[in-house]
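Provided herewith is a single structure, encoded as structure tokens, for subsequent inquiry.
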Amino acid sequence: MSSNKKKPKAESQLMEKGGRRSSARGSKKTMHKRLIKESTGIFLNGLVFRNPVAIGALGLFPVVGAGYTMQNAAVLSLMMLVIMLPVCLLSGWMKIPVWIRPAAALVLSGVMYLPAAALAKWLMPQAFSALSIYAVLMIGNSIILSRANDYAPSHITLAVLMDSLGCTAGFSAVIFLVAALREIWSNIVKDTGGVYHAGAYPFVGFLLLGVIAALIQHTNAKRAAAERKAK
Amino acid sequence: MQQLMIQKPPFLRSGQTVSTMMKDMLLALALLLPLPTVHYGTHVLWVAAASVASCFISEIAACMIAKRQVDISELSSVVTGLIIAMLMPPLAPLWLPVLAGAFAVLAARVPFGFTGNNPFNPAAAGVAFVTVFWPQRVFSFSEPSAASVLKEGLKPNQIPSEMLWGTDGGAIGTTAVLVVAACAVYLIVKKTVSWRITVCFLAAAGLMALLFPRIMVTPLTSLKYELLSGSLLFCSVFLITDPVTSPRTHVGKALYGAVAGVLIMLMRRYGAFEQAACFAVLLMNAVSPVIDSFVIAVTARREARRNEQQ
Amino acid sequence: MISFFSSGIRLEQQKSRTMKAKILALPAPEVLYVPLPGAQALTDRCVRAGETVLRFSQLSMPGSHVAVTSPVSGTVTGFQALPHPVRGMVDCAAIRQDSEEQELTLRAPGMEHAPDELIRLAAAAGIIDEYDGIPLFKKLKRLRRMKIDWLGANVLDDEPYVCSGLAVLRENPQGVQQGLELAALAVGAKKTGIAVVSSFRARSYSRVSGQIADLLVGSGGRYPARPGLLKRLRRQGHRPGLVGVQALEAFAQAAERGIPQTTTVITVAGEGVSRWQNLRVPLGMPIEDLLSACGRKKRTVVIAGSPITGNRVEELSAPVTADLRCLIVLPEAMQTVKVFPCIGCGKCEAACPVGIMPWDIYRRLQGQEYPDAGQLLRADLCCACNACSVVCPSGLDLSGAVARAMEIKERG
């Protein structure tokens, strides 16, 4: 959480407030190039370097609670995409006063849950029914809420788009990784005479998340050190 | 650990250091090994060796990854390994203690910053880990242990002398109650473990057994079976007394022991496993800082009142 | 069972050798550096460089400290500031001994045993309490002001090795008793006692017997003995006060024959010397002379005052002062400590005689520049016995942390 907010890096100006003005400078071609470069940066931030689950400790509940099979992971990722993209874009476009923003974001994601659930049910009916309560809990997912509240309203559309895509990708990357490892763990334990569904224990999820977070922090620290050296 | 020249008084020290405390623990744990070896064969020694080796190698590997100076004289990982071995069944496959030891060191000890900082007892965490995933293997004894019979609500058919000498079924180090008791006396006299925790723990557990017997026997028989069965006594000496994870204040220690005693009896009765010691210890580890800050807050309030009166 | 619950630590006493040793009187060396405490100003000094002095002739007479007399006859060669073995610096008069032993003829003061007169006598005889370095006359005044009703001779010697107090008590029980009675008269105390760590040990090893054995008060055998003993006496309804045994012995001498204090008894012990002895040495004798008389080994460190609260002596030319009870010589190899992180054993709390939680204070002070003074519980009660540091298995500087906490608390 803290690492998410603390580092004001100069690398991506679109991340900052007033990104509109600075991006307007320069010729059209260089601006276009820079936009592409910076939006890639935002996407990568969401995917790896500032992963909302591992680094921001957001949206832990579905990963730890439900992310123990690949099917669950697929359904949750799909729902995440369908809910997050419109919610973030809408809250970026609409000028909502600060005090009502969380409620508005919640209502929006509630509305978007219906098409997401319908889509998931149509594509993977079994896995969707297995999720039960966790699917509904995606409405209150803290990744969506925090991004829609804090990030979307103060940035331009392209940045919001790339950020939502990046966060979704980061979420699904983590949940797929965790789910894969938990399935492997379940099989190992089962084959050695242990309990069934060993991977479904929440603390296994926490443990794996901790390891992933440590790895990402490690690469971040290395990157920062390399940057400092380059300067 | 660093070796420093004494610069300030006192120029004499008590002679008891963390490493001597660890050596005392190791000696006590090693004393538990001969009797099971006689009863169950040399496989017991292999289990102990596997567990210790797993802990030690994990520790060294972690030191290397964390770019820390590898310190062979740091014995706490060896102690963790031996405690884990003592809680394994005598005929455990060797990968079981290895896995428990690796988990204990790599997940419960190293990430928190090695000696002195771990919030949970590594040995308890390691044993809990394998108990959760391989309960059949952890509780596979040559004959049904007294604890499992009690769990089913029946009177165990072991006679007390069997339980005292550890010829009945049970984990390696926990069955020979007499030896465990001797180790307890040794460690308490050497002041390596705090008598407050052990005594309060046993008193609370005993009281629970007396007042709420699980089986239809006289309270005294219930007390006898509850205290002599399972890993309760071993836990009261080796697991719950770990200074790092137990409270530091005197009152806190007593409170901690008593609550843990009640908790372990409740877990035996309502929990899923016949031996719940590890889980009770882990739960109590989580609350031990809270107990300490509670005791300190009470002391501070009393202090403030005293200052006001003056 | 009482010792099982009571606070303090049980230390290996290492006393069996020094406890039995007789007090040997050491002859004065050729040059003495007699400490003149409190006499920085020239007007406080009674002699100048080049003057000849006799034994027992006045060297200094400051208003706020004791008068000092020369332990030998000789020539004053000069004055210089030397490091005090226990605390800070002290001005010293260098006296070169001459061959003839001449001394001032002294007469016993006309005794009327009025409290004020006794206190004045204590000042004139240059008596200093060997436990804390406070002049006896000041101590008696303070105890009288505090309306003490139980006065004890301090023979605690609760640290390992140290036996100078017990040796004095064994060699001169009558003198001690007499001094105690006089001091009790001076402060107006009704009851007297002799405070020892364990009365059993005092009786058996030091062969204290007879009338004086009835006065022995044991403190329970732990280090630090003093706070626990005083607490117990207060609980019994006394207002206790303690005065060092050597000071009392010197007081009796002064009252009876008019002899001022010019010597002190010092235990020299430790694995670094070959002869463990109790020595009666003249004040102002350089410590190195004393050590060579006991056979100091190579690669050793010298600790003055007390092995637990005393300091290391770096300058061996420092003179013997009246508040030096012992010199402990330890091999350098024994002077290392293994430092671990705090493991939370709580032994420091068990050892503290006044109920401080040193581990808590240590943790709060670590990495904090301005800790909240209100959270440093009871740090103001610290009696600086260093028991927490002695007992800490991790080798942490707990007493230093508590001392810092005490400072912070006093600043508010």
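So that you can tell them apart, the chains are marked A, B and C in the order they are listed, and the count of residues begins at 1 in each.
Here is the rule we use: a contact is a pair of C-beta atoms (placed from the backbone, for glycine too) under 8 Å apart; a residue touches a chain by one contact, two chains touch by 3 or more.
Keep in mind that what you see is a predicted model, and the values were worked out from it rather than measured.
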Contact-richer chain pair (by C-beta pairs counted) among B-C and A-B: B-C
Nearest-to-centre chain - CA centroid comparison: B
Centroid distance [mean C-alpha coordinates] between chain C and chain A, Å: 71
Between chain B and chain C, centroid-to-centroid distance (C-alpha), Å: 46
Chain A and chain B: spacing of chain centres that average the CA atoms, whole Å: 41
In the complex with chain B, residue positions of chain A that touch it: 189, 192-195, 198, 201, 207, 210, 214
Touching residues (chain side chain B, partner chain A) in the complex: 95, 107, 111, 132-137
Touch list for chain B against partner chain C, complex: 1-6, 8-21, 114-117, 191, 194, 243-244, 246-250, 253, 296, 299-300, 303-304
Touch list for chain C against partner chain B, complex: 9, 11-12, 159-160, 301, 303, 306-312, 328, 330, 335-347, 349-350, 357, 359-360, 374-375, 377-378, 386, 389-395, 397, 399-400
